Amino acid sequence: MKRVYANETYCVGCKLCEIHCAVAHSESKDIIKAYKKEKIKPMPRIVVEDDMPISFALQCRHCEDAPCIKACITGAMQKGEQTGIVTNEENRCVGCWTCILVCPFGAIVRNEQGKKVAAKCDLCAEIEDTPACVKNCPNEALKYEEEGE
Amino acid sequence: MLKKEGQIRIPSGCAISGIMNRKGERFSGEDIIASIALMHERSNGLGGGFAAYGIYPEYKDLFALHVFYDDVEAKIRAEDFLNTHFDIESSGKIPTTKVSAITKSPMIWRYFIKPRKFKLIESELNEEEFTARCVIKINTYFDGAFIFSSGKNMGAFKGVGYPEDIGEFYMLDTYKAHLWTAHGRFPTNTPGWWGGAHPFTLLDWSIVHNGEISSYDANRRYVEMYGYKCNLQTDTEAITYLFDLLNRKHHMPLETVVKVLAAPMWQDIEKEAPEQAKKLKALRAVYASALINGPFSIILGFKNGMLALNDRIKLRSLVAAEKGEMLYVASEESAIRVVCQNPDKVWTPKGGEPVIGLLNEEAKV
Amino acid sequence: MSLNFNVPEFMVERNEDRCIQCEVCVRQCANEVHTYDEEDNKVYADETNCVNCHRCVLMCPTRALSIKKHSLEFRENANWTASAMNEIYKQAQTGGILLSGMGNPKPYPIYWDRMLLNASQVTNPSIDPLREPMETKVILGRKPEKVTFDEDGNMTTKMPPQIELSTPILFSAMSFGSISKNAHASLARAARETGTLYNTGEGGLNKEFYEFGKNTIVQVASGRFGVHKEYLNAGAAIEIKIGQGAKPGIGGHLPGEKVGEEVSATRMIPEGSDAISPAPHHDIYSIEDLRQLIYSLKEATDYKKPVFVKIAAVHNAPAIASGIARAGADVIVMDGYRGGTGAAPTRVRDNVGIPIELALAAVDQRLREEGIRNEVSLLVAGSVRNSADVVKAVALGADAVYIGSAAVIAMGCHMCQKCYTGKCNWGIATQREDLVKRLNPEIVSTRLANLIRAWTHEIKEMLGGMGINAIDSLRGNRLMLRGIGLSEKELEILGINHAGE
Amino acid sequence: MAYVIIGNAAAAISAVESIRKIDTKKPIILISDEPYHTYSRPLISYYLGDKVTEDTMRYRGENFYKKHNVTTYFGKKVVEIICDKKQVRLEDDTFISYDKLLIATGSKPFVPPMKGLTGKENIHTFLKLEDAVELKQKVKKDMRVVIVGAGLIGLKAAEGLHKLCDDITVVELADSVLSTILDRKAADIVQKHITQEGIKFIFNTTISEIEGETKVEKLTLQDGRVIPCDLLVVAIGVRPNVDIAQTAGIDVNRGIVVDDSMQTNIADIYAAGDVTESLDVASDTRRVLALWPNAYRQGEVAGCSMAGGDAIFDSAFAMNAIGFFGLPMITAGLVNVDETQAEQYEVQLVYDEEEKWIKKFIIKQNQLKGFILISKVDRAGIYTSLIKEGIDIRQLDRALTSDAFGLIAFSKELRAEKMLKGGRI
């Protein structure tokens, strides 16, 4: 399956991926409205770790054998049979954070702004062909491709 | 006042034609006049001319100078120079006849000469180079005098008018040559100066040309590095010098000269066998500035024959035909068929592919 | 502390309706102009350090930023301009010479813009490059006067080493050290992709780049940094740098802080030490010394590499060029007074040297008068800004051009002229790791290659318009040029007619 | 012949999924003594708190059994395993033959003998949906509720009941809350937080007698105190539900003993989930790790083994993600160091009681053995993976306690490998 791969050599640590991720998952999908008007503060599902000169973006790896799915106590965390995308069905999620406990990448975040749920990268599958982080990375440090490409 | 050739560059379109007998059998100028006359529409009456090879067998070892003089003073100055440098065996007016369409002709003189021995020795040059430099000198520095023909056993005849009228004016039906070339000119901007008409010659070289080369200044500045002076600012002049430089001075065979002037495309060179590619590459590298670019078709006359050539992407027309020992080239096929109704073979040479007609061994001059 | 008289040059305008406090600008400005105030939840700017490089403007996801010239005025004075006064303030403060980056920005005439090109109409046809072959290949190197053949038609001339370029544009010398490794890599990759050459500059050549050898010119400058036999043989050609247009007569100085581990290894100097290139080569005090160096380099490379000699365009360039040609150089490079650099004394940059257009015309003419123009190739540099400049340069007589500033602009340079600070926000003129990584060679080499391709397309269009289908026929073809608004003297030097003539 | 699975929670369901990855044909028979579609037991407190409904508590989709070709026996209790006949017998004397059998019977509440325990209403345990449903029906706003046990279940019950009644008291024998998963300092933070919500605690004692006619009325504690009580929840702990295993002659220690393919000592009988005991790598002891992720993983291994595949269950350790009244906490592995062993361990601790956060790491021989995170729980999984992979923490160039701890602490190569492979962990 296609995943987002980060090339930290060229990550400039600008965090535009975080910003655009948050916008892509906001109500309005409009950057200014999302940040300035929406009551629920937009929240990125990608995290940039940085300690310049090192920086890289990280989001759910959509593991083949995903520990979060196994650990999920509600069955909300699922892997798309066709797509391979690991998604969290937010209306079933109760925010127990067991997924956070087991995700070895630390790629699942707590979203307690609206309903208390675990939030994670969904590869923008329902919004765009290319995830927002990849599309808006100014230095092609994020690539959306099959493994090994 | 309009500037004449040499003061300004004047582009022109044209008609050209060439006829030769490869056995060296001589024939009168009637055919060539007929051929060029057929292409009347390709000229505009502002220039016509001919080159004829083999016409002065009795003086074949002497340089035959054909000269235009604007006035007597010019003639005196030029003859003074000629006398200092050459032994003049014979001189006189070139015979002409009255033709109603031809007016304002200059004085037209002819000299059969050879370089003075001590001048030649002093110059450390050979006969040809010595003569060529003297010709260039007169044409550059002697106002009112213009040598328009300087080869051996050949001559150019040209002037302002339609070519068929020029032919009649010079009574070319009375000359016999084994090779005739002709030119009808369509200049776009000339006061009608006789010297500006074609063919252009240097020593045995004569060129008639149709087209306007866009590489002119690159070619001009290249040849001028080697002692030439492009006084007329015409394409024919520059092309003549290129032939002279490559063939006479660099001893390059004509087939190779053609590969320089109408060089094969790089993409075609890549397809050649390695040795040939290397050779062609070297030629393009060294003679890059000798590449003639833009539309042209030319007929080059020289002592052993003629060479007709198109630019490499064939932006001008050129047709060739053969019948027995006769070889024809012209801007239009009709101009060949008018003098040779049923040729053995008619073909259209490709861009950059020359038509070369050489005299048979025994007929070589 | 005394009062500093220098005032900010620019103002950062932030549209608060658009600013989302994402802090991208804060993170991206190496000059630390932007700061986020948590208490106010606002981003503020301290403009003192703003160099107007546009990094923040272009990175801002909401287009909330704009940078303007600072509105602070001095009393109008045509003589004592703001920059004249500010420079005095700066020098009075520091006691030092003024430094600048990039090329001469003064409003001297730009002769490229005073020359117009010809096109075919009626009497000969223009050529459509989309339908007909259009050749931009250039072969650089020393040429014999003629090619000779034996009786069987075999070539008997031995050709000196030649370099084939697919287009008459090369990337000019920019050293690893003055520019980043990623910038260097981008140039190398782009050169390979487009069939041209880049130039190592005087910083030596990192082994990683040896694979680009066929597209590399290795430079030998007065500091001789990183020069060894393997280096000389690593490229396609060698360039002896005598001078450069941005600072004729002046050496170079790479501050120690830019000499990190890799730069140190490549230059063969200790880490952290200043890399100082002397003003002259101390083994070249005359033309015959140059000849010796040229031949030493040829010996070291088995006569397989053409040797370029690069000079700044100065007053007697024609005589110097003639000397260089006769000293055995295969290619003469001339760099005009608008040529860029990483750092130059401002006064030198802005006042020394002559325009490349005039130098080129004069040198080409001089070499022709001496009958040796065809023996050497002539490269020019010093602010070739677009394909029309290239075409005009070739028509004046150049074989090809070097582009430096245009290349760095393609890479992202915004001409802030602060290369010497080492804080290039675009990752070009810096060795700071966090800034270097902003320049992704994958992207930037494509940008450079695009530039070369675009210019080449345009060159082909212009050639076709002139009825020419090989760049060879444009070289020195000055009839294709006409001057506009030039004096008789300028026309004479350029060897062209005025428009309308 | 068929696969027979006893149980219907994490281990049972994952066994079904695992079997069907290998064997799509052979029938699966699933027997559960509860009459429900599979649901998530940890959600029963959420059910009390109205955060989930019976519908949204479903652990898998409605058509799960059909999709996986499973025959279900719901509300049927297995009373005997007849090993030599490879059969199980249900309460109603139905016999079901198995080819491979999985015991995934989970836990049952541990209710110690107490005076007055029997014969009274309003005494509950809190483990199954049924318990929650009953509690929800019974509890009234003005009831005085007492919960015995301040462990995970007791506190979850307290949280669930909080909105339903005003008076809740938790009685705990130990001196702090959550003594199995927290250390004292962390426990204090949590206790303080819960107390702020109005829940009362009584420590260091337990019930000695339950009084009342037909219903619970009051409790006498061991320390002599008497407290009124209208509803008692016994949440002292759970025990593995091993009864049928024991009678069938399967090895049982604390839980059912299994090998690393989850097979018991008797061929073709497997066990998985809370009913088993396994090796805790953090403490290096065999014990019952009654944890949801553990149960799932064991069920998966068991299913795979039953279907003839190769899978191994290893590296289990305790881990918990839980929260009370919005205070999240994540713990894993070793959370307390015995004073006698203190020398072998290094403890890194940062905290702020006011801000209610704590980060504690226990390290042995440069390997992380356990941690406690309160409030600052983000990215805890990275620590979990350090324990699991036994990574030498000297390789990390960032303190474990740093708020910016993350993959950035790893070497570029290690990080690249993890991230590039992304997905193969």
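Letters are used for the chains, namely A, B, C and D, taken in the order the chains are written, and counting of residues starts over at 1 for each.
The rule is simple: a residue touches a chain if its C-beta (ideal position, glycine included) is under 8 Å from a C-beta of that chain, and two chains touch if they have at least 3 such contacts.
Because the structure is predicted, anything quoted here is derived from the model rather than measured.
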Of A-D and A-C, pair with higher C-beta contact tally: A-D
Chain centre separation (chain C, chain D; CA means) in Å: 70
Rounded Å distance, chain A centre to chain C centre (Cα mean): 44
Length of the line joining the C-alpha centres of chain A and chain D, rounded to whole Å: 29
Chain centre separation (chain B, chain D; CA means) in Å: 107
Per-residue overlap in chain A, given as positions that touch at least 2 other chains: none
Chain contact graph, described as a line, ring, star, complete graph or other shape: line
Contacting chain pairs - touch in the sense defined above: A-C, A-D, B-C
Residue numbers on chain D that touch chain A, as the complex places them: 14, 40, 42-43, 46, 51-52, 56-60, 292-293, 296-297, 300, 319-323, 328, 330, 332, 377-382, 384-385, 388, 398, 404, 406-408, 412, 415-416, 418-425
Residue ranges of chain C touching chain B (in the complex, touch as defined): 120, 123-125, 127, 132-133, 135, 137, 139, 141, 143-144, 146-149, 153, 155, 157, 159, 162, 368, 371, 373-374, 466-470, 472-480
Chain A to chain D touching residues, read off their complex: 3, 5-6, 8, 47, 49-51, 54, 56, 58, 61-65, 67, 70-71, 73-75, 91-92, 94-106, 108-110, 147
Interface residues, chain B side, partner chain C - complex: 9, 11-13, 188, 211-219, 221-222, 224-226, 249-253, 256, 263, 265-267, 278-279, 281-289, 291-295, 312-313, 315
Footprint of chain C on chain A - complex, ascending: 9-16, 19-20, 31-32, 35-36, 52-53, 55, 136, 138-141
